[in-house]
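The two complexes that follow have chain A in common; it is paired with chain B in the first and with chain C in the second.
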Partner chain A sequence: MSMIFGVPLAVLFGQLLIGIINGAFYALLSLGLAVIFGLLKIINFAHGAMYMLGAMVTVLMFDAMGINYWVALFGAPLVVGTFGVLIEYFLLRRIAGQDHIYSLLLTFGVALIIQGVLINWFGVSGLRYTMPDVFKGGVNLGFMFMPYYRAWVIVAALLVCFGTWFVIEKTKLGSYLRAGTEDSQLMQGFGINVPLLISVTYGFGVALAAFAGVLAAPIYSVTPVMGSSTLIVVFAVVVIGGMGSIGGAIITGILMGVIEGLTKTFYPPASSAVIFLVMVLVLMFRPSGLFGKEA
Partner chain B sequence: MNQSANSTDIHKAIVREQAAQDRKKLILNGVLLLILLAAPFMIYPVFLMKILCFALFAVAFNLLFGFTGLLSFGHAAFLASGGYTTGYLLSNFSGLPTELGIIAGTLAATVLGLGFALLSIRRQGIYFAMVTLALAQLVFFFFVQSGFTGGEDGMHGIPRGELFGLINLEDNLNMYYFVLAVFIGCYLLVQRVVSSPYGQVLKAIKQNEPRAVSLGYNVDRYKVLAFVISAALAGLAGSMKSVVFQLASLNDAHWHMSGEVILMTLVGGMGTLLGPVVGATFVVNIEYHLSQGPLRDWVDPILGGIFVITVLAFRSGIVGEVQKFVRKNLG
Partner chain C sequence: MSVNATKQYEQLRISGLHAYYGESHILHGMDLVVNRGELVTLLGRNGAGRSTTLKAIMNMVGRRTGSIMINGEETMSCAPHNIARLGVGYCPEHRGIFASLSVHENLTLPPVVRSGGMSLEEIYSMFPNLYERRFSQGTKLSGGEQQMLALARILRTGANMLLLDEITEGLAPVIVEKLGHVLVDLKKKGLTIVLVEQNFHFAAPLADRHYVVEHGLIVEEVSADELSAKQSVLDGYLGV
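Up next, the complex of A and B:
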C-alpha cells in the first residue's frame, strides 16, 4: 500500500471523504444561515436546533408511523420549515423594529427551549435510525472504498446547494429576495408582500437546516444535543467565508470540511480546533472573510 | 441685579435638591451594605458567595454589552481561564497566598481578553457575537485536552488557603466578607468607569459608532480597553468562584455559561449598574429552586422561556422597568 507522510493512502482518502461529507453539512447549514441573514439581518442561533429537529423528526416519523427515508427527505424539512414560519410569525415579527441583537437572543432562547425539551423526552444518548436498504454497501473505487450512502449525501447536498443558488440568483422569487436584502421598504412600496416574504425566507432557511438533519440521521448519532456544537463550527465557517455570497458559503463549507478531515489524518488532537484556528488566521489577515464584502 | 439674584436662588434650589437626592442615595446604599453584611447570618454563606461571583461576572459582562453595545458570546472563556489558573496555582504551590492566586487568574483572563478583543473587533455586530463564540469554543477545546484542567472530571479540592497569610479562608464567614469586599470594589470600579469621560465615549460608541468615529475617537482602542476590563473582571469572578467552591470545571468554559451571563444581564436590565446584580440573583435563585423541586429536569427550557419572554415583553429588564415605573409615577 502506498503511503504519504507515513499515512496509508486509503486512510487519507477515507478521511478526505469524511471531510467532504462534513463539509457538505457545513455548506448546507451556512447556506441556510446566509439566506436568513440576507433578508432578516439576524443570525439564527436556533439553526443548530433546527438541524437537530430535522434528524429527530426523521427518526420519530419512522418509529411512529413507518414513514420511510424518501418521504422524510421532503417531509421533515416541510414540518420543521412550517415550525420556523410559526416562530417567525409569532415571535421574531414582534421585535422586527428593534436592534437585531434582540432577535439573535430570541433565537438563542428558542434553541434552549427546543433542545431542553427534547433532552427531557429522549435523553442525550441518541436514537438509532436504520439506513434504507438501497444504501447498504458500497463500491470499491480502487484507491478507496466508497459507501453508497456517503456518495448520496455529497450528491444530495450539492444538488440542494446549487438549487438554492439557482433560485436566489436566477429566478424572479430570488430577485425579490435579493431586492429585499437591499431595501425592503422600497420593495414594500412596489406592492410586494414583504412580511410574507420574510416568513417564507425564514422557513426556507430553517428547512435547509432540517434537510441537512435528514441526511445526517443515518450516519450520525441522532441526539438532542447534536445541533449546538455543530452550529458553533458553522459560525466559524461563516466568519471565514463571509456571508456576502451564496457560492462563497458553499465553497467555504466544503473547504473547511476537507481541512478538518486532513487534520484528523495527520494530527488528530487538533481536528476539533482546526476550523477555529483557520478563523483566527482569516481574522488576522483578511478580516472581511474569504468571500466577504462587509467590514 | 434682580434677575441674577433670582438665578442664584434657582441655583441654590438645584444644589439643595441634588444634596437631598445624594443623601437619599447614601441612605439607600448604607441600607444595602448593612443587608449584605448581615446576610450570611441568615442565609447559607456559600450560596450568597455564588450569587456574588455570578453578579460580578454579569457586571463585567454588562460593561461590554450594556454600556458599549458589544455582544460577546464568549465570556465563559474568561470565567473559566480565571478559575483554572487560580485553581492550578493554589493546588500545586502550597503556601501560596490566596490573593496571589486570584490575581494570577485575573491576569490570565486579562491577557486572553486582549487576544479575543484584538481579533473580534475586526468584525462588527452579529459577526462579533459569532467570533467571540467561536474563540471561546477554541478555548473550551484547549481546556478539554490539556492535562492540568483534569478534563471532564475538573479540578477538585482547590485549597482556599489564607488571605495575606493571616486570615483563614476555610472559614465560610471570612471567605464571604472577602468575596463581598472584592465585589463591592469591582462594582465601584465599574461605576467609576461608566461615569468617567471614558465611559461617556463608550456610550457614544454604543449609540452611534460612525458619529463617534467622525468626532475623532479611535473607536477600536476604546472597544478593546472595554473588552479587556470586562474580561479581567470576569476572570476575577471565575478565580473567586474556584476558591469558594474549591472546584473548577468545564461547565464554566461551556457556551452555555456564556448564554447564562447574557440572560442574567438581560433579565436584570442591561445598561444599568444594578441590573446585572439583580439578574444574577434572580437566575441563581431560579436555578437553585428549580433544581430542588419537581421541575429539576426542566431548568434549561425554563431559562430559554425566560429569555424569550424578556426579549419579547420587557427588554429593559427588572431594574429598567422599575426605573421606568418610578419615573412615571413618582417622579
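Up next, the complex of A and C:
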C-alpha cells in the first residue's frame, strides 16, 4: 500500500472524504447563517436547533406516517422553514433594529426551548433512521471505498449551495435580497414589501439548516442535542469566511471540513481544535474574514 | 374632467405635519400643497427640515402626526411600501445606489407601480452613459452618473410624483445643466415634482412655486412670478 508522510493513501483519502462531507454540512449551515445575517442583521443562534429539527422531523415523519426520505428532503425544510417564518413574525420582528445582543439572546433562548422540549419527549440517546435502500453499499474507486450515501450528500449539498448562490447573485429576487442587505428602508420606499422579504428570508435560511439536517439523519446520530455542538464549529467557520458573504460561506465551509479531515490524518489530537486555531489567525490578521468586506 | 379641473388637482396636501427622530422634534406643523404637474421646491438652510419632509411623506421617519394626503387619500397609516404604489418616486439624498447591484439591476430594482412609466429603451436613450456602463457595479459610476441612475430608476416605475432630494449636490456644472434639461422634459410630460434644493440658481428657472422651510415650518411661499419682487426676502432666509 502506498504511503504519504507515513500515512496510507487509503486512510488519507478516507479522512479527506469525511472532511469534504463535514465541509458540505458546514457550508450549508454557514450559508443559511450568512443569508439571515445579510438581511436581518441578526446572528441566528437557533440555527443549530433548526438543523436538529430538520433531522428530527425527518425521523418522526417516517416513524409516524411512513413518509420516505425523498419526500422528507423537501418536506422537512418546508416544515422547519414555516416554523422559522412564524418565529420571525411573532418574535424577531419585535426586536428588529435593537442591539445585536437582543436577537442573540432571543434566538439562543428559542434554541434552548426547542432543544429542551425535544429532550423531554425523546431523551438524548438518539433516534434511529434507516438509510434508503438505494444508498446502501458503495463503490470501490481503486484508491478508496466510496459509500453511495456519502457521495450523495456531497452532490446534494453542493447543488443546493450553488443554487442558493445563483438565486442570490444572478436573479431579480436575489437583487432584492442584496439591495435589502444594503438599505432596506430605501427598498421599502420603492414599494417592496420588506417585512415579507425578511420573513421569507429567515424561513429560507433555516430551511437550509433543516435540509442539512435531513442529509445528516441517515449518517449521524439524530438527537435533540446534535445541533448545539455543530453550531459552535459553524460559527467559527462563519467568522473565518466573513459574515454576510454568500460565496465565502460556501467555500470556507468546505475548506474547513477538509482542513479538519487532514488534521485528523496527520495529527489527530488537534483535529477538533484546528478550525478554532484558523479562526484565531484570521481574526488576528484579517478581522473581517477571508471573504468579508473591510468595514 | 375638464382641463382646468386637472390643473387644480391636488396631488399632495400636507397639513399640520410633525415629525420626530427619537427624541428630536424635526417638523413643527408643516402645511403645503402641490398640484398635479407642478414643480415645487423646498428651499432653506441645512437642517431646516426639508429632507425630513420628503422622508415623512415616504413614512421613513420615526414618528409623525398630522396629515399627508396623496391624490386625496390619507396616507398617515400607510405602510412604507404602499406609499410608492400611490405613484410616488423617491430619490434620496446621497442617491442610494446599491453597491452589490449592477447598473442595470439598480435601474430595474424598483417595481413598476403604475402604467405609463418610461421604458428601458427610452431611459437608456435619455442617459446613454448608463447604457454603456450597464454591467458595471452601481457605485463604480461617477457621481454624476450615479445621480442620473438614481433619477432614471424612478422614471421607469411610472411614478407621477417625484420627490427629489438635493440632486445637484456636489456635481459639476455641466452635469447640473443636464439635470436641469431632464427636469424640464419631465415637467413637459406632466410629472409632479417636489425638489429639495440648495442650489437656488438651479431651481429658480425650473420651479412654479417655492416654499421656504425654517425650523421645521413653512415660513414663506413664493410663486415664480413673485421671485424678483421677493428676492430680498428669500436672500434673507437662504443667507445668500
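Of note:
The rule is simple: the second predicted complex is superposed on the first by the 291 of 295 C-alpha atoms of A that agree within 3 Å, B and C clash if a C-alpha of one lies under 4 Å from a C-alpha of the other, contacts with A are read in each partner's own complex, and residues count from 1 in each chain.
Convention: a contact is a pair of C-beta atoms (placed from the backbone, for glycine too) under 8 Å apart; a residue touches a chain by one contact, two chains touch by 3 or more.
Please read these numbers as outputs of a predicted model, since none were measured by experiment.
When both complexes are superposed on chain A, chain B and chain C end up sitting side by side without clashing.
Looking at the shared chain after the overlay, A:R178 reaches chain C, while chain B stays out of its contact range.
Of the two partner chains placed by superposition, only chain B is touched by A:M279; chain C is not. After overlaying the two complexes on the shared chain, residue contacts for A:G191 are found with chain C alone; chain B is out of touch. Look at A:A157: by the touch rule set out above, it reaches neither chain B nor chain C. After overlaying the two complexes on the shared chain, residue contacts for A:I95 are found with chain B alone; chain C is out of touch.
Of the two partner chains placed by superposition, A:A55 touches none, neither chain B nor chain C. The partner of chain A that touches more of its residues, comparing chain B with chain C, is B. Between chain B and chain C, the minimal CA-CA distance in the chain A superposition rounds to 15 Å.
Those residues of chain A whose C-beta lies close enough to touch chain C in the complex are 172, 175-176, 178-179, 181-183, 185-195. Interface residues of chain C, counted against chain A in their complex, comprise 58, 60, 79-85, 90, 92, 96, 98-101, 105, 108-111, 113, 154, 157. Across the complex, chain B is touched by residues 37, 42-43, 91, 94-95, 98, 100-102, 104-106, 108-117, 119-120, 228-229, 232-233, 235-236, 238-239, 269, 272-273, 276-277, 279-280, 283-284, 287, 294-295 of chain A. Listed in rising order, the residues of chain B touching chain A in the complex are 71, 119-120, 122-127, 129-131, 133-135, 137-138, 141-142, 145, 255, 259, 262, 266, 297-308, 311-312, 315.
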